[in-house]
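Next come two complexes, and both contain subunit A; in the first it sits with subunit B, in the second with subunit C.
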Partner chain A sequence: MLRPYHEVLMRSKLDSLLPYSLLAPTLLFVTLLIVVPIFQAFLLAFQSADGSFTLANFQKMANDTSFGDALKFTFLLLIFIVPLQVVLALVMALLIHTRFKGHTFFLYIYAIPLAISDLAAGIAWLSIFTERGYLNSILNQLGILEKPFLFLSYQNLPAMFGTIVVAESWRATAIVMTILLAGLQVIPRDYFEAADVFGANTLKRTLFVVLPLLRPSLQNALIIRTIFAFQTFSVVFALAGRVVPVMAGESYNWYVTNRNPGIAAAYAVLILMFTVLATWFYFRFLQTSAAEAGYD
Partner chain B sequence: MQSSYSRRYILGRVALYGSAILLALWTLAPLYLVALAAFSARQATFQWPKPLLPTDFSTDTMQFFVNTRGVIDSVRNSIIVALVTIAGSLVLGAPGGYALARFRFRGKEAISLGLLISKMFPTAILAIPLAVAFLQLDLYDTIWGVALVHIAMALPFVIIVTAGIFVGVPRDLEEAAQTLGCNRVQAFLRVVMPLALPGLVAAAIFTFVISWNEVFAATILTLRNRTLPAQVLTALNDSPLYYRYAGGFFMIVPALIFIFLIRKYLLNLWGNIAR
Partner chain C sequence: MNKQIYTIALIAIVLVALVACATPTPTPIPPAPTQAPASTSAPAPTTAPAPTSAPAATKPPEPTKAPEPTKPPAPTAAPAQPLVFLSTQNVPVEEQEKMRTVILKDFTGAKTDFIADAEGAVVDRIIAEQKANKVSVGAIGVLHGTFPNLLAANALEDLTPLVSKLSDRPIVKEFMTLGKLGTDKQYYIPWMQATYILVANKKALQYLPANAKIDSLTYTQLAEWGKNITAATKEKKIGFPAGPTGLMHRLTQGYLYPSYTGGLVTTYRSDDAVKMWTDFKAIWEYTNPQSVTYNNMQDPLLSEEVWVTIDHTARVVNAFRNKPNDFVSAPAPAGPKGRYYMSVLAGLGIAKGAPNKAGAEALIEYLTRPNIQAIYLREVSFYPILESALPADLPEYVRLEADGVVKQSKASDAKVALLPIGLGAKGGDFNKVMQDTLTRIVIKGEDIKTVLNDQANQLNALMTELKAPCWSPDPPSTGACQAK
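Right after this comes the complex of A and B.
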């Protein structure tokens, strides 16, 4: 059944509008729930009660005793967690990519934390690190400890910080692994010897052939994990409460506990600023193009 | 020669499986232990040292958690929010994904880039102004408000994932259906949809996980009508340890099921989305 010519012509005109109308609902929704709120966040942060421009919220934010610590701990967590995740994830991805017998089974296991929230991850590790928790129990049964060691006490701040690093690395390594594994699969298989990863030759091949080819994926993993590291929040709450303040947690506290949307928004603007700066930094100095980071 | 080669081979295998198993234990240990804690009696929280095997299995802690005021309601809220998020983000996002997959048009690059950027925004910068706005719109402290934010958070992912799915459905099939008398909508429903369905289901499950796990916005935007993570987070400071273990375990279980369900799509979903 052939269509009349004029109908085909009309269709092609309609067709040129079709993609826009298909995208319109999304664009409208994103505008209302992402673009507008961001403007409002800036207004909340920079506007005084009478509508004039003010930096009072930022001054109050910076004068708060937790501000310096929140900045410090957010960046310390970033510095410790991101490299740890990348290294662990790289080992996992390279192991899986050798396609040894049973590798899919291990892939599923390594991927489990993907679907676990940072809150749940924090609680899972709380059962391990708390005073009468499983780690102290194991150390006691091995005869290493007589009494429980207080991992989660403000008196042992480095230990407490360490527990957060462990919990968050445990959770987000899975995300990095899938990114790297997806990147590995794009590399032609000729580059790999399927067998042992552990011979010297294979190690060299990994370092000098695979890693350079994996660079786009590594960069993307770095960007994504850095951006989300600025938002680290509930894993810290679960393990350390407010003893270890972080930026997102302070934003939460200013809003929920102190009922001050202005300062909460100021923190949100600060987090956004760091997000933009980090993205710019990676794009500028690691020379990833937007197309590489996006979709092809 | 032969024997030294095979010895190296065996050593390599041992190292390979040894590391694979070690990493698996590292991944599974916290899950096992929090499950163990959640299925011990409440008094066992204070036992010292703790047994590492489920010697005194008990549903006491889980029963206490489920019967705590607000918990069942929050679970129901979480499920409703997640289902609304799935429906909303697929209905809004899938057509957009189809458009990006099938058409060339002006502004396509800009839209793609915009979507990419919009998934990088911190939750705080959306949740705090929206909480203020929702107060005026009577959406504050409702699960619909939370669902709206979750849809906004999930949309960029859903579009990117569905675009990937539709690219995988051969265009020839769609055109063949059209030359055989289907109109565009019929061709889509009868030919494209059945082929895209498994991927769309995986995308829906992925969206469920995003919503089920989201803590920050859900906590900021509600007061009494909490979702499960918001309920557990706000109770962290003044709840007993066993309540937290049970809550943690409760949040983890669906995650485990969903990973199992979409295991075939793992790399396509998380691996490629993040690229």
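Right after this comes the complex of A and C.
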């Protein structure tokens, strides 16, 4: 029996509306909690207290004592931490992916830092690295060090910076690993079997099969990790105080301590700009085809 | 076209659904469980029991129980309106916890919500509420220097009628006068006071320079002392609270600058200031470089990373509490212009149009009771604002610390510096000038004169913007306070 024409029409209309209605809540969420605040941050950054448009906030930001250092240290952290974490996370993900006996145990261990707040992690690492902290105590007990070594001395910036790299790597490698592991798990087994048939050893299989197929996940992981790196500050705050300023930390200080939302917003705009640039860079140079990304 | 209408309708439906999902939770919750229904006829909250009993004579260990109310466990007489008590004091989490669970435990005047935050946030909230004519804050507990901004924004209730009700307690007269903010009305009631003192590990005492006494130390001798300690231990054992939330800038403002230059803002780039920074750099030679991570000095004192330090009484007290036999307290060192120390006076005010004014008044009455002031000292190391001598039954750690506080105020060359006054929400910007000066001169080793010149210019710009006149120890000014 044929259904009346208008019913069919109605049905197809509803079908075409379905995707929009499903997207609507997310759209609403993103608009209210992300797009609107970004717009407001821009207004704050480019307006003076009386509402006229100005670049004064940016000038004051750039002339501040800590601005140069904040830029320098943010990028240094980025350069040191992101590659280190991606390599570490890749190794961890590959290990877990071999599904050796007890691999879930390690997966849980690796994931612990994900559940710990930034600042708590920073304070935990502070108690490890401080002069009478755990690390110095252990080294002293073992007879390796006679006097405590000052990791957190501003006179020894490489050591201080090193502690930050270690703490940040510990804290945020897990998220990268999770993304990469998820990516690994969707690679069809057929590829590995084919590689085996052609006699590829583990190294070759990893280099020529796994890595290229993992590129979409790597791209995502890099983007997320880089964005996070621009936002890092609680760990740095706990371990290095004002000696190692970073951009997000400066934004926080200007807002909370100095009560100057304009300059805080200027920093936020700058961070946004760098983040967009980095994301563009990754899209441009780690381009994945639709097929690779799994959208075909 | 139809399609668009459908889309809009659908989005609208989703929106309505979202709103509907979001609202139901908060509404049906019944009022706070503490409200005992029978207690509505209890005596008016303002007439809190008169604290006629002697300060701490009767019940030494836990003298908190108010004498009259019949039902001590439940905070009964709470009127429907809760009382918001907004404070810039007792911000560290441990202190907030003490405030809620110990100090305010027996307050029956209102169900009190204690909120502690940075000065800027507190000032902003109070003034914004006044502007919006939607006041939720009741009692305000802030430093002396914060009140002028609140008064300028017409955000303070006149407390003159309350003064007579508090006449039975011996509040220091000078403090009461300060509470008038230069007017003939009382705008705040003194709450508590604190200061910064020198604390030393007893192991350090043997290295004191030959002619130096710990109770009359100078900054030059402090440098020598540090040098001796480093020579003997190969470690740098002086410490300063120069971490991100440490109070180092207060030491610059109320101790180093006045002791060397007799002022702060006006003398910011004077020759005396150059001498001060030169001397301070000499002290910093023997200062633990981890100082840049120290927010309070009690932890590094206890771990012995640091042997000698100067910090806020509330931030060193745990050293005396945990190891009373290891530490001594002493006055802060003196400079060429005297032994300046900072007297931190906090007061209690009431926001204009407060929703629960009676509750706020009862809170002020409660917090200024001698026995509560004693608890304050015991729990968070803030000192009473009462004339009477410190209670005799203080725990040992409080006495150990109080020893230094008393010696500091009684020293023959002692002079008082006040906290910045009238900076309000810009207090952070002001502190940043001192923090940046320290970072540039001491940490980065930049040229002292250049840095002082730069920073003095910033200071002048800030003070001009605020139109804030000078405060002690700077000489009074007609216009904005300026560095020469």
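Following the convention adopted for this analysis, the second predicted complex is superposed on the first by the 242 of 296 C-alpha atoms of A that agree within 3 Å, B and C clash if a C-alpha of one lies under 4 Å from a C-alpha of the other, contacts with A are read in each partner's own complex, and residues count from 1 in each chain.
We take it that a residue touches a chain if its C-beta (ideal position, glycine included) is under 8 Å from a C-beta of that chain, and two chains touch if they have at least 3 such contacts.
As the structure is a prediction and not an experimental result, all values here were calculated from the model.
Chemist: Could you say whether A:126 touches subunit B, subunit C, both of them, or neither, answering first, second, both or neither?
Modeler: both
Chemist: Identify the partner contact of A:25: answer first if only subunit B is touched, second if only subunit C is, both if each is, neither if none is.
Modeler: both
Chemist: Which partner does A:16 reach: the first (subunit B), the second (subunit C), both, or neither?
Modeler: Both subunit B and subunit C are touched by A:16.
Chemist: Can A:208 be said to touch subunit B (first), subunit C (second), both, or neither?
Modeler: neither
Chemist: Determine, under the contact definition given at the top, whether A:154 touches first (subunit B), second (subunit C), both, or neither.
Modeler: second
Chemist: May I ask you to decide whether A:285 touches subunit B, subunit C, both, or neither, giving the answer as first, second, both or neither?
Modeler: neither
Chemist: Count the residues of subunit A touched by subunit B and by subunit C, then name the partner with the higher count.
Modeler: Between subunit B and subunit C, the winner on subunit A residue contacts is B.
Chemist: Which partner does A:178 contact after superposing on A: first (subunit B), second (subunit C), both, neither?
Modeler: first
Chemist: Quick one: is A:260 in contact with subunit B, with subunit C, with both, or with neither? Answer first, second, both or neither.
Modeler: In the superposition, A:260 contacts subunit C only.
Chemist: Going by the contact rule set out at the top, does A:241 touch subunit B (first), subunit C (second), both, or neither?
Modeler: After superposing on A, A:241 lies in contact with both subunit B and subunit C.
Chemist: Need the overlap of the two footprints on subunit A, from subunit B and from subunit C, as residue ranges.
Modeler: 16, 20, 25, 126, 130, 132, 237-238, 241, 256
Chemist: Per the contact definition, I'd like the list of subunit A residues that touch subunit B in the complex.
Modeler: Subunit A reaches subunit B through residues 1, 15-16, 18-20, 22-23, 25-27, 29-30, 33-34, 37-38, 40-41, 43-44, 88, 91-92, 95, 98, 100, 103-104, 106-128, 130, 132-134, 136-138, 140-141, 148, 167, 170, 174-175, 178-179, 181-183, 185, 195-199, 216-217, 220-221, 224, 227, 230-231, 233-234, 237-238, 241, 248, 251-252, 255-256, 261, 264-265, 267-269, 271-272, 275, 279, 290, 292-295.
Chemist: Touching residues of subunit A toward subunit C in the complex: what are they?
Modeler: Subunit A residues touching subunit C: 13, 16-17, 20-21, 24-25, 28, 65-66, 126, 130-132, 147, 150, 152-156, 237-243, 253, 256-260.
Chemist: If you look only at subunit B, which of its residues touch subunit A in the complex?
Modeler: 8-9, 11-13, 15-17, 19-20, 23-24, 26-31, 33-34, 36-37, 45-52, 91-93, 95-96, 98-100, 102-103, 105, 108, 111-116, 118, 120-126, 128-133, 148-149, 151-152, 155-156, 159-160, 163-164, 181, 209, 212-216, 219-220, 229, 232-233, 236-237, 241, 244-245, 247-248, 251-252, 254-256, 258-260, 263, 266-268, 270-272, 274-275
Chemist: With touch defined as at the start, can you tell me which subunit C residues reach subunit A in the complex?
Modeler: These residues of subunit C touch subunit A: 2-3, 6-7, 10-11, 14-15, 18, 118, 120-121, 124, 234-235, 242-244, 288-290, 292-293, 303-305, 425-429, 431-432, 435-436, 439-440, 443.
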